[in-house]
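Consider the two complexes below, in which subunit A is the common component and subunit B and subunit C are the respective partners.
On to the complex of A and B.
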């Protein structure tokens, strides 16, 4: 066997490597350089070592944003996963209803993310918004621009509305893949709907639900556009998630050094999560226990 | 085209060149002698490339934790990190 000849295909990967170098590696190296210097003016920088990392790691607003981010992801998953499964279970199994429900469910997924924020910003406005004005007229004081709890409720509702369809579609695909004989066997054994769900449907959906869970965790952890448009991170900093706080530091305040250090720490968190994501997916693919 | 906009410094250049050389070295090693997955003290089966990645990234976490939680010299963290990478590469 010609070992070198077999590896010639690697040359075909070179265009991708060049593209990745320009789109990711060179910017990443620039961020590493920024994170160790105080950029005083264009072309003028002072080496400060790990000073920015120390500053960022001791920044209580970053800690708050990180915990907020985890809380947000946890809440979103706690709502979206069961709701998505319920929707999938309720979807029609045959007839024209299948296409209708699939198209209806897919609609929120097709809307650009910043447009979602704009839609919800208008929808929940306490003076003219369909939801905001209606709930205020019912006597419940609701204002997402002033009350932190209302802002959180709005951001979570928006996220659930936007992304539950993805969970539902994946769960539905998992359900449709279960052979009919399993249901027939359960029927012969006199299994209740709950037992059929618990012992047949849920185990058979394990693979797709793991993918849905991991995808939703990653997406919710990186969320930026929707809450930025909707609340701008407010009121105060109560909906300032990691990415919003990063943009505040690096773009609005033009603190390139701390921004670079923050970016790299954020990158390392995402890298760790992505690695776990990849490992779990590999195991699910091989049919191993997660 | 100059690279002034990237604000290179000697330490960052050494860091990036070291990572680049490690990755290139691993690629050449992988091409010359294709690796086999094995299981060590890490909970997953790994190739030498996986172990280098895990070692490098976890060494960075060690540095960050050191920086955030202690006031001790970072040189100690560097030694711990290098020791950890060697341990992962040999027995991971």
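On to the complex of A and C.
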């Protein structure tokens, strides 16, 4: 189908490669270095092979953080994807409502992540927070600093509040790209709104939804600042996600070796899962093409 | 869903969306003693003291200026290098295209925590520490791949026949790209600029690590002040409210590009 096969297109890609290589490959090589060496003093390092990897893989706290992370990302995706699509479908198609909806949806996305944590910390506090005080007034004891379940509810609520608009915005951009003739055809055929959604809107949104799903998976899997500010990983370790644990090892304890090994393993897990998601969605998409 | 139900659903959703933000604004208009005293749904004795403090203290407001400078540089770099690359991925097949595309994406998946120390060493070595350009370059790590990815999606939605017709009409690639193609995907460019701005604006770890004083971003100024003065809820809330303003302005400017969508097939 493509008769434009042309390696000159490489020239168009070179600027991107230069920029990304500078900020990705050099630091990544440094991290690999750390993970294979025991740095005793500046300029004095001992090659230790896979020692750090073994140590990290047998760390039970890392196992716990990993399962916690999976549970968190799964819950977040299960709530945000359908909710985001629903919001995009409900959004107005013409008039001033469009601008209003877009600006409103974009608001949470533009708040720095540490501020997000701060907003929710204020919002759910039993003494000065609207949410915490309201729940407690209803007779339900709620304290995200003491009860693990409450901490989880708070972190999930915050994540859904923060990121569902991203899914909605992308889905909406995808919906707007569907030419009007498709809807007219569906109308002539007397298709129900569910059928219009399933056979026209959903397949046409596949590209943007893939982006949304991958972005949401990656970012929820790498989440750091918001729960760190909100719960500090507690109570106990119940909301210590992978990044929080990683920063603890690599930055606070300055264990560069285990930190490097940890982050490479972490990186590979995200990579592998994203690759699987990407492939599956591409397959599904081809099957739907009529 | 029918029209009325849709509106009610949206209204409830937007209400819930605004609530935590409203609560922060409410906090920003009160003194710390007032906040810790009683829980009220609105500030009974609103004060702009917190705002005055931020606008008159240069260690506060320079944080906003620094953030805006590096975010703007980053967005410009990201768009400039990503546009041609996205076109290449969308239109041509070349050796290693799929591998390169996926490799680019992988850079968004790296946990930033351990990149901190290598970044610090790298930028110190080349003498870019504490400059706006350092933060802008560091943010390219995740924004350039993202820009390529989003733009590629939008570009692939434009039929190839438009390119072919233009080339038959004697357009060169750069001229076609700038005068015909970019206007066609302006919605995509708007969306991409928005996302680059957003991810650079909200990022904290890199921005904080690569700056000392000259280019210190507002999010770092906020954390520093929290630890220095204990917890001044009112001031913190005010700084938070003000971090929303530049972003809100940007979305206001790109909203039409997003809202219009593309005029596919109506060229």
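Basically, the second predicted complex is superposed on the first by the 220 of 290 C-alpha atoms of A that agree within 3 Å, B and C clash if a C-alpha of one lies under 4 Å from a C-alpha of the other, contacts with A are read in each partner's own complex, and residues count from 1 in each chain.
The rule we apply is simple: a residue touches a chain if its C-beta (ideal position, glycine included) is under 8 Å from a C-beta of that chain, and two chains touch if they have at least 3 such contacts.
Just so you know, these numbers come straight off a predicted model, no measurement behind them.
*Asks:* Looking at the overlay, what does A:30 touch: subunit B (first), subunit C (second), both, or neither?
*Replies:* Both partners.
*Asks:* Tell me which partner A:279 touches in the superposition: subunit B (first), subunit C (second), both or neither.
*Replies:* first
*Asks:* Just subunit B (first), just subunit C (second), both, or neither: which does A:103 touch?
*Replies:* Only subunit C is touched by A:103; subunit B is not.
*Asks:* If you stack the two complexes on chain A, which partner ends up touching A:271: first (subunit B), second (subunit C), both, or neither?
*Replies:* A:271: touches subunit B and subunit C.
*Asks:* If you tally the residues of subunit A touched by each partner, is the higher count for subunit B or for subunit C?
*Replies:* C
*Asks:* When the two structures are overlaid on chain A, which partner does A:113 contact: first (subunit B), second (subunit C), both, or neither?
*Replies:* A:113: touches subunit C, not subunit B.
*Asks:* May I ask you to decide whether A:240 touches subunit B, subunit C, both, or neither, giving the answer as first, second, both or neither?
*Replies:* A:240 contacts neither subunit B nor subunit C.
*Asks:* Quick check on the superposed pair: does A:22 touch subunit B, subunit C, both, or neither? Answer first, second, both or neither.
*Replies:* A:22 sits against subunit C, while subunit B stays out of touch.
*Asks:* Report, in rising order, the residues of subunit A that make contact with subunit B in one complex and with subunit C in the other.
*Replies:* Common to the two interfaces on subunit A: residues 7, 10, 26, 30, 34, 271, 275.
*Asks:* List the residues on subunit A that touch subunit B in their complex, please.
*Replies:* The contact residues of subunit A facing subunit B are 3, 7, 10, 26, 29-30, 32-34, 36-37, 39, 43, 45, 47, 50, 53-54, 57-58, 265, 268, 271-272, 275, 279.
*Asks:* Hey, which residues of subunit C end up touching subunit A in the complex?
*Replies:* 1, 6-7, 9-10, 13-14, 16-21, 23-24, 27, 35-36, 39, 41, 77, 80-82, 84-85, 87-89, 91-95, 97, 100, 102, 104-119, 121-122, 137-138, 140-141, 144-145, 148-150, 153, 156-157, 187, 191, 194, 198, 201-205, 218-219, 222-223, 233, 236-237, 239-240, 243-244, 246-248, 250-252, 255-256, 258-259, 261-262, 264-265
*Asks:* Inside the complex, what are the residues of subunit A that reach subunit C?
*Replies:* Where subunit A meets subunit C, its residues are 2, 4-10, 12-13, 15-17, 19-20, 22-24, 26-28, 30-31, 34, 86-87, 89-91, 98-99, 101-115, 118-120, 122-123, 127-131, 133, 161, 165, 169, 172-173, 176-177, 179, 193, 207-208, 211, 214-215, 218, 222, 224-225, 242-243, 246-247, 250-251, 256, 259-260, 262-263, 266-267, 270-271, 274-275, 278.
*Asks:* Okay, in this complex, where on subunit B does subunit A touch?
*Replies:* Within the complex, subunit B touches subunit A at residues 4-9, 11-12, 15-16, 31, 44, 54, 57, 60-61, 64, 67-68, 74.
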